[in-house]
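Read from first to last, the chains carry the letters A, B and C; within each, the first residue is number 1.
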Amino acid sequence: MELFFNTLGVVLAPSHFIMLIAGVLMGLAIGILPGLGGITGMTILLPVIYGMDVHSAFALLIGMVAVIPTSDTFPSVMMGIPGSSASQATIMDGYPLAKKGEAARALGAAFTASLIGGLFGATVLSVIIPIARPIVLLFASPELFMLAFLGISFVGVLSGQKPIRGFLAAGIGLMLGALGDAPAVPEYRYTFGLDYLMDGVPLVIVGLGLFAVPEIIDLLIKGRSISKVATLGKGWLDGVKDALKHKFIILRCSTIGVIVGFLPGLGGSVVDWIAYGHIIQTTKDRENFGRGDIRGVIAPESANNAKEGGALIPTFLFGIPGSGSMAVFLGGLLILGIQPGPAMVTENVDLIYTAIWSLALANVFGAGLSILLAKPITRLTIIPFSYMAPFLVLIITFASYQASRSWGDLVALLIMGFLGWIMKQYGWPRPAALIGFVLSDSLETYLFISVQRYGFGWMARPGVIALAFIILISVGMGIFYQKRKPSGAHKKHEKNLS
Amino acid sequence: MKKLQCVLVLLIALAFIAVPNAFSVDFSGKTIEWIIPFDVGGGSDVWARLYAPFLHKYLPGTPIVAIKNMPGGGSIIGGNHFASRAKPDGLTIFGSSGSTTFPYLLDNPRVKYDFAKYPIVFATPVGGMAYIRPEFGVKSVADLKGLKKQLAYASQGATSLDIVPLLAFDILGLNVKAVFGYKGRGPGRVAFEQGEVTIDYQTSPAYIKNVRPLVKQGQAVPLLSWGMIDKDGNMVRDPEEPDLPNLAEAYEIMYGKKPQGPAWNAWKAFFIAGFAVQKAVWLPENTPDEIVAAHSKAAEKTVADPEFQKVAAAELGGYTQLVGPAARKAFNQVLQVPKKDREWLINWLKTKYDVTIK
Amino acid sequence: MKKIFPDISLIFSAGLLVVFAYCVYDSLSFMYLAKIFPLSIGIFMFFAALANLILEIRGIRTTAGLNAKKELNTADLESEWDIPMADVWSKLLVYLAGILILYLFIWIIGYPLSITLFIFLFYRYVAETGWLSSIIAAAAGMGFLALVSKLLSMDWPEGLIHLPWPLG
């Protein structure tokens, strides 16, 4: 308890607080721009902390990390452009809302959910820390594989009526992810001898290519603004009310966020899809998901802020990043001379608590600021798109180029853009491709390690069986609720049976 | 008499010109670009940024020292860029690490850089310590001799820095199964704690911070360190863990004689490349001697600076940094490995791990 | 021209089949450990692509199939057109050509000037704004690049002709 108040004292001290806010502002300024958010943004901002004193730099660093999921929400909702490490699933319902003119509502709900989710996550985390180490140690490669598999199983949920297309889209993503260097051997796959492809296609380019480019082209062809309606509908206050109405969803999803977030190496990429998939599978009236159901925004957004808090655990306790942005955060810690690892629970546990609460505080500030920004920024959804298009082209080409600073980036962007456009027109679910791409490496690596190390006995492990069970239930529920949807007569039939 | 004086003056002047004169070099107002073929925040990036402010202070004209990160291809892309684009004007330097040197030694066709042609400015050593899980009843290297059980080691890949531990285990006659796919030594250590793998090594800074507590709690048993190279090029014990035998001593403890043969020669070369001279700074080919001397002098002053020493002790493991001729001498041990020993290693990789360098 | 709509979808489906076949074929030449994943996924996907192609061919023959395409639920962001697909494609190709010309300019004179020109021309001729607004917009673009390059040391592609900062 004393630790709690001590930490709070540190966190609220003006010097710490100011740097925290500075970090939030910096992160937000860069992160709002599509393609420059998330990992890219952090990598760009990181050199700033060199040469600063440890305490200020630490606060700055946390501020920047905290605001990544928040800033990523802007491009997700406004244009359906997924962030590089967070706010991916938000595009599913966030963007349709923007198209209906309700962008402010979506953002309001998203930020409220983020705020509450982040705070709740921090609370759960503080309680769990003493037992965190043993829990993380339970999740070895076989269990992590099952978790990645759980992530991929949600592809079905996202494919609506055409599961086979979802499956194939995921396959495209998986193979795209396999392109480049193989995880364990010096083999370069499908690179056609090109140096550029040696490291595979960068995530930023896949995200921007598959989502941003087709959207820009289509909006130009249609010659209208992002929002189909000329005036902005419900405002951010409505969004806040929506979020509060669904507070149980927020609590549920932020719990999922914290727990999945604290599993090393995997959390970041899957969490918002798991939250999104979970909310669909556990709801009866799901017709509106994918068309602007506000719950489809609340669920992933509560999860992704909580996840960043959770991801602090493996980062601090093991020195293993829990998510993409944590990897860069870890680099920042090393720069500051903070070596995370097992010694931390005993020696520097106060640092961990400081981090958790700084994160929560930065979250609050970031979310609050974002809500204020929501109104003016959403005005962009009603201006004629041709005013925005060339700037978007600038930001997107520029952001892509930061991936590997070579022409290959620009070419890859164009190719992925074309692929994404075709997929969009002919009904191939791109989120499935994105999930496949993001999870490809984890799936391959963990399966690989499991088989090498345990032979086929890995499947008999209790953790694996438990997760397999969860996957079966989740897929089962998905199919079950799906079948009830098509006709009212069917529903009546169910009523008669029960 | 006058003629003699003239000749003397001429001779003195010539001597002055001939001796590489660090003081005629001046970088004021310029920017030194330091290419680091790794990501921001990674080990090599941190290393460079520790050095940069001191180099800025001590290079003539106090130029800005700017780090340019060029990750990609496992550091090969940055190396190639340096090889093809850097001009010998002292304004571009290159920071290499073990993962840059290994593909070079293994004749990877993608490598276009050649360390034999570049003047080395300074090098930073690092050590490595191996440890085993306690359940095997092994208390030290001596007990390893009777161990028939198969051990598992978390590896990033057979052509990564892991060549050093894998070959070391082989030399010691241990039955070690390499499990490939781990993303680095960090995950390897976590896997060790989980029991997923049973033998592991860490570089010294990580060992000191993360493994020593485990040893204290009885969850890990230290076995040996790879060792370190002293200024004359001999293998000695690692100063960070002076109680641990180095590989040569460990072998001697187990088998009663000193290790020798192609495996040992290959190991020694790769150990030096991957640890004893792990990170190094280079100037481009044909850089004039005065410029090389200016950079070396700045490095010398850096290493002598007590503030730097504090920082180095905290973050780099406190090893003696090698500058100028000492660095060259150490790295030459790497460059002068006979071709047959390198070929032995390439063959070992092929037969044991079915890995060919493409 | 009207016939293009179903054909492209078919071409894509058929194309997928070829792509996955190639993936399987190429993976056979990889080292063992690198082979497992792409080979198994490739084989699965090949058969899935085959099934998809067959379903699509059969589906085209019925109007029900064409309607089903519109029922994609959570599958994707909508794409309903009130102009014929052929027109959509021709507009796409125009924009694509625009991007390619932009890339060509970047190649020759470097990024900043090219994108600035792009913004200017776009504002003037596509968005149809006046000279002043277009110039301001273009200047804003270049200003952003200059700021971000100075503060955060970000790079851009340089052209064959090297221009002074911040033009290239």
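In this text, a contact is a pair of C-beta atoms (placed from the backbone, for glycine too) under 8 Å apart; a residue touches a chain by one contact, two chains touch by 3 or more.
Small disclaimer: the values here were computed from a predicted structure and weren't measured.
Q: Taking each chain's centre as the mean of its CA atoms, which one is most distant from chain C?
A: B
Q: If I average the C-alpha coordinates per chain and also across every protein chain shown, which chain's average lies closest to the global one?
A: A
Q: On a C-alpha centroid basis, what's the spacing between chain B and chain C, in Å?
A: Result: the chain centres lie 43 Å from each other.
Q: Taking the mean of the CA coordinates per chain, how far is chain A from chain C in Å?
A: Here the centre of chain C sits 23 Å away from the centre of chain A.
Q: Round to the nearest whole Å and give the separation of the Cα centres of chain A and chain B.
A: 37
Q: Provide the list of chain C residues touching at least two other chains, using ranges where the numbers run on.
A: Touching at least two other chains: 31, 33, 153.
Q: What are the residue numbers in chain B that touch two or more other chains?
A: 180, 355
Q: Which parts of chain A, given as residue numbers and ranges, touch two or more other chains?
A: 47, 184-185, 187, 405, 444, 448
Q: Within their complex, state which residues of chain C touch chain A.
A: 8-9, 12, 16, 19-20, 23, 26-27, 30-31, 33-34, 36-38, 41-42, 44-45, 48-49, 51-52, 55, 68-69, 71-79, 85, 88, 91-92, 95-96, 99-100, 102-103, 106-107, 111, 115, 118-119, 122-123, 126-127, 129, 137, 140-141, 144-145, 148, 152-157
Q: In their shared complex, at which residues does chain A touch chain C?
A: 30, 44-45, 47, 80, 91-92, 95-96, 99, 157-162, 164-168, 171-172, 174-175, 178, 182, 184-185, 187, 189-190, 215, 217-218, 220-221, 280, 287, 289-290, 384, 386-387, 389-391, 393-394, 397-398, 401-402, 405, 407, 410, 414, 418, 421-431, 443-444, 447-448
Q: Using the touch definition up top, name the residues of chain B that touch chain C in the complex.
A: Residues 66, 180, 354-356 of chain B touch chain C in their complex.
Q: Considering only the defined contacts, which chain B positions touch chain A in the complex?
A: Those residues of chain B that touch chain A are 39-43, 45-46, 49, 53, 67, 70-74, 76-77, 108, 110, 152, 155-159, 177, 179-183, 186-187, 189-191, 193-197, 205-206, 209-210, 213-214, 314-315, 355, 357-358.
Q: Within their complex, state which residues of chain A touch chain B.
A: 43, 46-47, 50-51, 136-138, 140-141, 181, 183-188, 195, 198-199, 264-265, 318-320, 327-328, 330-332, 334-335, 337, 339, 341-343, 346, 404-405, 444-446, 448-449, 452-453
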